[in-house]
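You will see two complexes here that share chain A, one where it goes with chain B and one where it goes with chain C.
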Partner chain A sequence: MSEKEESPKKKSRREFLQDVGIVGVGSILAGSAIFAGINYDKKKKLGDRIKVLTAENELLEIDKNDATKVGKFKSQDLTFLQKQGREGIPGKRWVMVIDLSKCRNARKCMNACQGAHHLRPEQHHINVLKMQESKNTPPYYMPKPCQHCDNPPCVAVCPVDATFKRPDGIVLIDNERCIGCRFCIAACPYSARVFNWTEPLLNEDDKDKTYNVELNVPQRKGTVSKCLFSADRLRDGKLPYCVSACPNGVYYFGDENEDAVTNGTTKETVRLKKLLEENAGYRLMPELGTQPRVYYLPAKGKSYPFQDADKPEAEEHI
Partner chain B sequence: MLDQSKKDKITSDLLGSIRLNYSFMIWMAFLVTSFSICIYAYITQLQNGLAVTGLGDYVSWGIYIANFVFFVATSLIGMLISAVLGLSGAKWAAPLARIAEIIALAFAAVAGLVIVSDMGRPERLIYVFIHARIQSPILWDVTVVTMYVLISALLLYLPLIPDLKICHDKLVKIPNYLRNFYKILSLNWNGSLEQEKIILQSTRILAILIVPVALAIHTVTSWLFASTTRVGWDSTIFGPYFVTGAFVSGCAAVIIAMFFYRNNYKLKDYITEKHFDKMGKLLVLVSLVYLYFNLNEFMVPGYKMKKGDAVHIHDLFAGSHALLFWSVQIFGLVIPILLLLFKKMRKPLPMLVIALFVLFGAWFKRYIIVVPTMEHPFLPIQNVPLNFRIYTPTLTESLITLAPIILVLIIITILSKLFPIIPVQETIDHLEESN
Partner chain C sequence: MISTNKIYTTIVIAVFTVLLSFQSYSQNWDIPANKSSKNSYIPFNNETAKAGEAIYTKNCQSCHGNPGKANSLKTLKPVPPDLSEKQTQSRTDGDLFYIITTGRVVMPSFKIVLSEEERWKVIAFIRSYNKSYVQVLSKTDPSKSKLVKIVLDFNAKNNKIRVYAKANEASGVVLLKDAEIMLFANRYFGKLQIDKTLTTNSEGYADFNFPKDLPGDKTGNIDIVVNVNDELYGEIEHQEKLNIGIPTDKPALNEQRAIWNTLLKAPIWIIVTYTSLILLVTLVLLYILNTLRKLKKIGDK
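On to the complex of A and B.
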């Protein structure tokens, strides 16, 4: 009997101890949870919102405390930039129209381009030439960027795939790959390519920058450089450097797929086909079969006179 | 049968050059010193970039590329003498085959280095293999030149095996390591009929194989230019034009080498006046063919005078390159042809002088092919410094151009000091046959 009487007593003690244990652990958990909660709240009040640039180039705003530092990266990752640079901008077929009747050799395009791409004064991604076809035809100014040919002779001859044609029509040069053989310079009928014969101009300032194939900066000694249709600007939805810099409305730039080009000066958007049709648009040296993506409108009814001082140079080529 | 004493005389005569003497030491010291100076020039180019050259964005290929074309051209002679003449049974050329093969191997192997000196980023040479794009004529060139070097090396080595055995047996005064070197290279040659058959057959196969490969190396080299649309390069006859020109400079190189080997190595009984006479006639033949291609290359566009061609032709015929153009054509081609028609001129000394003119002419001809075209692009050259319009090679650039030429001389000298320059076994065999 006594045993029978004792057992509930023992049981109740065990139960008591169990209860104490549960309550104890529970209250510690609850306490710490509340404490953490309060702390979290406190932090939340103290914390700032910060801006974070993702690898996909999206700018996000997040709470500073939610961000965990996982490493220190350069501003942008080379592998990502290289991949993006080779893929191009989906769905686009970039095209440029140059209205020769508007050009007065202001050279703002050349300056903007050389500034953006860190070029030396003698290196021209775009060069304004003084042209004259024959003695009795008038001289005119002709801005000449890379023609971004659809059948590019430079790309054909490159032995290492350093220069390549993107689906959006742009011909780029990857100076991480270029071996400096200059076959592309020899093959280009438009003299559109330049070489870094010496240490590039701003290399000291650029040495910590990640190479962006869409800007070709930092430039690299011993490699080829060329006009990029400002692929970096196009990615941001902006017009190329030269197009935006022109004060005289020479340049139209846009997408062949949309049949729309925008004038860099007036910001007026017009139909590409209509513009070419109404102004007798043409391309340089079509007989070579290079299929340029740059169209010219003839220098009919020039807005500005051809400078007398430039005449001898224009005549030289007749 | 040839008696033993005559055999021994031939052997000792032909092995006589394999020794180190003072004139060799002085010659090598001179070569190595000049080579070091040129290497120093190349180091400055590595440090400062190609800006040390006279090149610019318009004339972006200059004397390095001209030199490369010259090297590939000169190397073609190996094919002409050991394959074409050998296969057609022209026995007189047999003693010259090894000289021609050594020249071919040296020039073809060094041509690869010449092209590296032109690269903006030579440390990326490996990209040509790991990122190779087969569409590019450069890849074709790399492939066929490598093949040509390999086949030329084999064509030099296989007929050499019996002689290596002779070197090992007869040259007792030489250091042991050198004797072992000959022993290893002679691959247990014992002169059995079976071994002779193997060598004969493999040499024959290689001699046939090298013909298309040799034609390919210079045709592809010409396509580095002809594959562009530029005025002066955009030509359909560039392949044969280059190949025929190659035989001219190669013949001249062999004649010069013959002269010096004959005099310095006391080989007057083996490289005879008859050989000079034959080589003189061969040079006339290949020069005439080359002249014919020159006529086509300049006469046809010169008659039509299309806009771009007119500028180019005018520049060559009467403009800034006229002096060089006419000198090369007259002193490097026309006068040598005329002189060599006379038997008196096909003697060793006059031929040496003529061959030197032809060889220098051949080098400058490559300059005429490369540079003037680059000075006349389709669109005008404007808004650049004057040195971008007119190309003038710098001293550093000239030294770097000289380096591979000196290297070829070093290789030719060393090879001719290691191995008998006239095939020993073959000479004996031929004499036995004719007896």
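On to the complex of A and C.
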């Protein structure tokens, strides 16, 4: 009994001391925390606030300590853009199919292209030609972009490695390197390239823009420009400007490795091999061995009539 | 007597030709009966009609013009009808939905461009030009689509994918019968439809023929997307990765040695000829310099 009575007494003394210790340490910690908090707030007031521009174009003011760096805004960095432009998109082999039976010369592709690449009205990355092979064969409209050859004669003649072929098949021009010798224009059998003889359109607006080799904007006087298969759009998983602008379902675009091409108008995806096989697909000037990445489907069973006004121009080819 | 007879015959023939041409025109669409009777689960009111107008302006106006203004694109063949006219308004909602979905000749298909909801909203807009129209709502309950579970089963022997559609109702598992079902393989720019659009049988499944030569990624994986459309449960989408494609790992297109490639990837014969020529010229220069040095030495002596 006596032990039982004694033990709570002893415990209570120990407990008391323990409690004092806990309360003491606790109050010191709490005090320092409050002190730190006040200090932190003081620092804040000293003007450590920064202005941040969000992706939605909103200008916000936030505390510097609250901001975490997630990366550099990539599209502003020339070195990054140049490297990305040379590397392309791995594992892809872009391919375009143009269905001549659907083209009615709406020229929406050309407008979209010239708008995107800041071209003058007479400069064409893609051009809708009026064609006729012989007197007895019917005329037809033929959109003609760069053929992005697998054996490109233009790249072979470039003395400064300005024009190059990427792993994904796109032939691009780096205007940071181009010296304007125009050898490539002479070498191209498809007349796909244009030269900036004068100050390019919208040059004033583009002054502060970083050069993007995948868009070729800003254009530069004294350099060559041509179709880029909208390399910048492909990176975002979007179809090229011309392909998505077409109202008549003329263009198919896709990846040869996936054996699939998507129509720009209906967004319907079909198998490339089957499409070419069923419609007798062909390529331009195969005898040159340039191996184009653009395929054509013949103008069989045209949905739209050839305009009389365009006939003289088509007949020039005969 | 003869003249009146003649007049009668001409009238009869004229009426017949008009009727026949009308008949042949409407027959062109060839809409299946079960599609024709389909109804919208979206109520057609001012709000949906307004949403539909925005979609219409973007996708339809360039050919059909503004309803009631008769300003459709006359150069097309057949001429796109003014959609406020009787020719369109006399059709059922299901007909219009089918026409927008499949397209024909110069009318493009909106199966992929517009979702089912968007297509119904366009019809809501078209119907707003018909005062006497009364909507019949379908019994589809979109909120019930969450209950549906889709299971894929690939049979390597006959290269078939069996798709089961079941709904886990409180009262037990319900098999989805006669549900429209589509199978897609994901590609970079869109979905590639595999086989045809099928309907589930009485046991709640459908068998799709899968092509033997469809490329997958490096290991042969393909992202499969299943779209089920049931009258009661609405639209259900299911995604799954299956290892049923051809493993594809093609080399980059600028990997081979070619005359157009960069210095390191130039053809061997170019590198050899070029370097040996440079070497030869250097050696000749060195020889000449050496001879000159010797001559000077002799002169100094």
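Rule of thumb we're sticking to: the second predicted complex is superposed on the first by the 244 of 318 C-alpha atoms of A that agree within 3 Å, B and C clash if a C-alpha of one lies under 4 Å from a C-alpha of the other, contacts with A are read in each partner's own complex, and residues count from 1 in each chain.
Convention: a contact is a pair of C-beta atoms (placed from the backbone, for glycine too) under 8 Å apart; a residue touches a chain by one contact, two chains touch by 3 or more.
This one's a predicted model, so the numbers in the text were calculated from it and none came from an experiment.
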- Judging by the criteria at the top, classify the pair chain B and chain C on chain A as clash or fit. fit
- Message: Contacts for A:R193 in the overlay, against chain B (first) and chain C (second): which applies, first, second, both or neither?
- Response: first
- Pick one for A:G249: touches chain B only (first), chain C only (second), both, or neither. second
- Message: Tell me the contact category for A:R182 with respect to chain B and chain C: first, second, both or neither.
- Response: first
- For A:T262, is the partner it touches chain B (first), chain C (second), both, or none of the two (neither)? second
- Given the touch rule stated above, what does A:Q219 touch, chain B (first), chain C (second), both, or neither? neither
- Is A:P153 in contact with chain B, with chain C, with both, or with neither (first, second, both, neither)? both
- Thinking of the overlay built on chain A, is A:K92 touched by chain B (first), by chain C (second), by both, or by neither? second
- Between chain B (first) and chain C (second), which does A:N127 come into contact with in this model arrangement: first, second, both, or neither? first
- Is A:G237 in contact with chain B, with chain C, with both, or with neither (first, second, both, neither)? second
- Superposed, chain B and chain C have a smallest C-alpha gap in Å of 6
- Message: I'd like to check the shared interface: which positions of chain A are touched by both chain B and chain C across the two complexes?
- Response: 153, 156, 161
- So, in the complex, the side of chain A touching chain B is made of residues 110, 122-124, 127-131, 144, 153, 156-162, 177-183, 185-187, 189-191, 193-199, 221-224, 285, 288, 313, 316-317
- Message: Could you list, by residue number, the parts of chain C that touch chain A in their complex?
- Response: 62, 76, 103, 105-106, 108-113, 185, 187-193, 211, 213-215, 218, 248-250, 252-255, 258-262
- Which bits of chain A are touching chain C when the two form their complex? 90-93, 150-153, 155-156, 161, 164-169, 237-239, 247, 249, 253-255, 257-260, 262, 265-271, 303-304
- Okay, in this complex, where on chain B does chain A touch? 48-51, 53, 55-58, 60-61, 115, 118-121, 124-125, 127-128, 131-133, 135-139, 142, 224-225, 227-230, 374, 377-385, 388
